[in-house]
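Across the two complexes that follow, chain A remains constant while its partner is chain B and subsequently chain C.
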Partner chain A sequence: MLNPALLPPPDVTSVKIGVSSDGVTLSGSITTKEPDRSLGRFFRTVHEAALQSRLSELRVDVRGLSFVNSSAIRVFIDWAIWVSQATGTGYRLRFVRNPNVTWQRVSFPAIAQLAAQHVVIEDGS
Partner chain B sequence: MAEPSDTVPPARPLVLMRFRPVWTYIDGVREFCRFFCDTTFKTSDLAERASVVIQETLENAVKYSTGGDEAELELRIQSQGETIEFSVSSLPDPLHLPTLRAELSSIASQTPEEAYVAAFLRAASEPGEASRLGLARIRHEGRAELSLEEEPGGRIRITATGTVC
Partner chain C sequence: MPRAQPSGQLPRVQPSSSRTPTQEWRTAKEEVLVRLMFTPGSSPLEATHTFLNAYLAERVAPAAAQRVCLAAYELLSNATNYATLGSDVVLEIVERIGKVSVRASNNTIPARVAMLRQQLEKIQGNPEETFVSELKRSMIGGVSRPMLGLARIAHEVGLTLELEISGDRVTVTAAPR
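And now, the complex of A and B:
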């Protein structure tokens, strides 16, 4: 289980980030110039915490994320690659998406292809 | 008496905006264009596609713009029948042009989906580098074809052409 108290989310304009014992929930939009510097670092911290606590699965709920730029998609790609390259037990990264949102419907299958054994896409309502 | 012309006069822009190449303007301009497409064409699908096209073309234009008074961006939206065109004119750093031409030519040589997947594979293999997903997103998510026009004075115009429905 993740300890949300140890994972304070960064303050990124226009995106709301929630942390729970089994993952992260994102809502709003991400269009900052360098999201890797804020969100990317936060995702990396969550990734390391998940490995340390031997989580079998981590949920990243993006259903409320209405729009992102390509630099933000890149941050999700990085996360998929970290999971696929993790040594030891590792964990499964489950993206919960809203298939009615174009960027989510189109980009998550492409991200899953990069790390097919480690990334799962779930369609939420 | 004037001879009848075979050429169709260019459609008058539905939207024409000029503004300084500043990152913080992008969100506002994109949201206006989303609202405009949603309200004018009554299709949320086009509004979503327009958002991707506007975001990625403007980000590229802002990132690679030179400074100075001539560097203003011009955004146009034109529509004729079922066709809609989004175009952004900018004054980029001349060093960026060969990269942009190569990127467009590589993307055009593949189907939109192939180019999109290839861009994801490249991003995954180049950690820490720029994403370079924008143009592939415009073609696949935005369902628009891209063209580049070089204008006098070093300006360029990137046009994304798609359908209203």
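And now, the complex of A and C:
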């Protein structure tokens, strides 16, 4: 289990980030020019915490993310790569998406393809 | 006012016919709904996105607003990144026969013009393939942001991209098919 108290989310304009014992929830929009500096670092911290906690699965709920820029898509790709390259007992990264949101419908299958064994896409309601 | 206005006499990268906006759309009278001007290297993206989101929510259907907002963000991002010093960057939201399109224009160097032309030809040839290959390039650390943004416009939201060049002034239009 993750300890949310040890994972304070960064303050990123227009994005609301929640942390629970089984993952992260994101809502709003990611329009910041260099999301790797804020969100990317945070995702990396969560990734390392998940490995340390020996989580079998980490849930990233993006249903409330209505818009992300291209740089933010790259941040999600980075996360998929970290999971696929983790040594030892890694975890499965489960993205919960809203298929009615275009960027989520189009991007996540492609991201999952890049790390097929380690990334799962779930259509949320 | 932007320096380069669409004109049949300007060189244009033509997409394949199946992705081309209709002739009716091309010749229809246009109404400029929004015209915003920026300086190169400025960071207007977040504020512009917020403004357009609110503006378009009142004006067009949600799906169209989503498409236009994404195209506006990505075109403006490229235009401000690649505009030469002293160039003005113009972003316009335009309506023709009920369809909303986006165009961004800026001055740039010849190498960027050539690169942009190549990128758009590739995207227009196969938007989906280009999108996926750009994601893969991201995975291996390629410098992919400009191309991924353009590929998203064509593949993700299904708009046609057209390039017009007038001297060192480039205008990229994202229009409905």
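Definition applied: the second predicted complex is superposed on the first by the 125 of 125 C-alpha atoms of A that agree within 3 Å, B and C clash if a C-alpha of one lies under 4 Å from a C-alpha of the other, contacts with A are read in each partner's own complex, and residues count from 1 in each chain.
One rule holds in what follows: a residue touches a chain if its C-beta (ideal position, glycine included) is under 8 Å from a C-beta of that chain, and two chains touch if they have at least 3 such contacts.
Note that the coordinates shown come from a computational prediction; the quantities given were computed from them, not determined experimentally.
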item: Chain C versus chain B on the shared chain A, clash or fit after superposition; value: clash
item: Partner chain in contact with A:Ser107 - chain B first, chain C second, else both or neither; value: both
item: Which superposed partner A:Ile77 touches (first chain B, second chain C, both, neither); value: both
item: Touched partner set for A:Phe67, first chain B, second chain C, both or neither; value: both
item: Common ground on chain A, meaning residues reached by chain C in one complex and by chain B in the other; value: 14, 29, 31, 33, 67, 69-71, 73-74, 77, 81, 101-103, 106-107, 110-111, 113-114
item: Chain A to chain C touching residues, read off their complex; value: 13-14, 29, 31-33, 66-67, 69-71, 73-74, 77, 81, 101-103, 106-107, 110-111, 113-114
item: In the complex with chain A, residue positions of chain C that touch it; value: 43, 45-46, 49-50, 53, 63, 66-67, 69-70, 73-74, 77, 131-132, 135-136, 138-139, 144-145, 148-149, 152, 155-157
item: Footprint of chain B on chain A - complex, ascending; value: 14, 29, 31, 33, 67, 69-71, 73-74, 77-78, 80-81, 101-103, 106-107, 110-111, 113-114
item: Complex interface listing, chain B residues touching chain A; value: 23, 26-27, 30, 45, 48-49, 51-52, 55-56, 59, 116-117, 120-121, 123-124, 127, 130-134, 137, 140-141
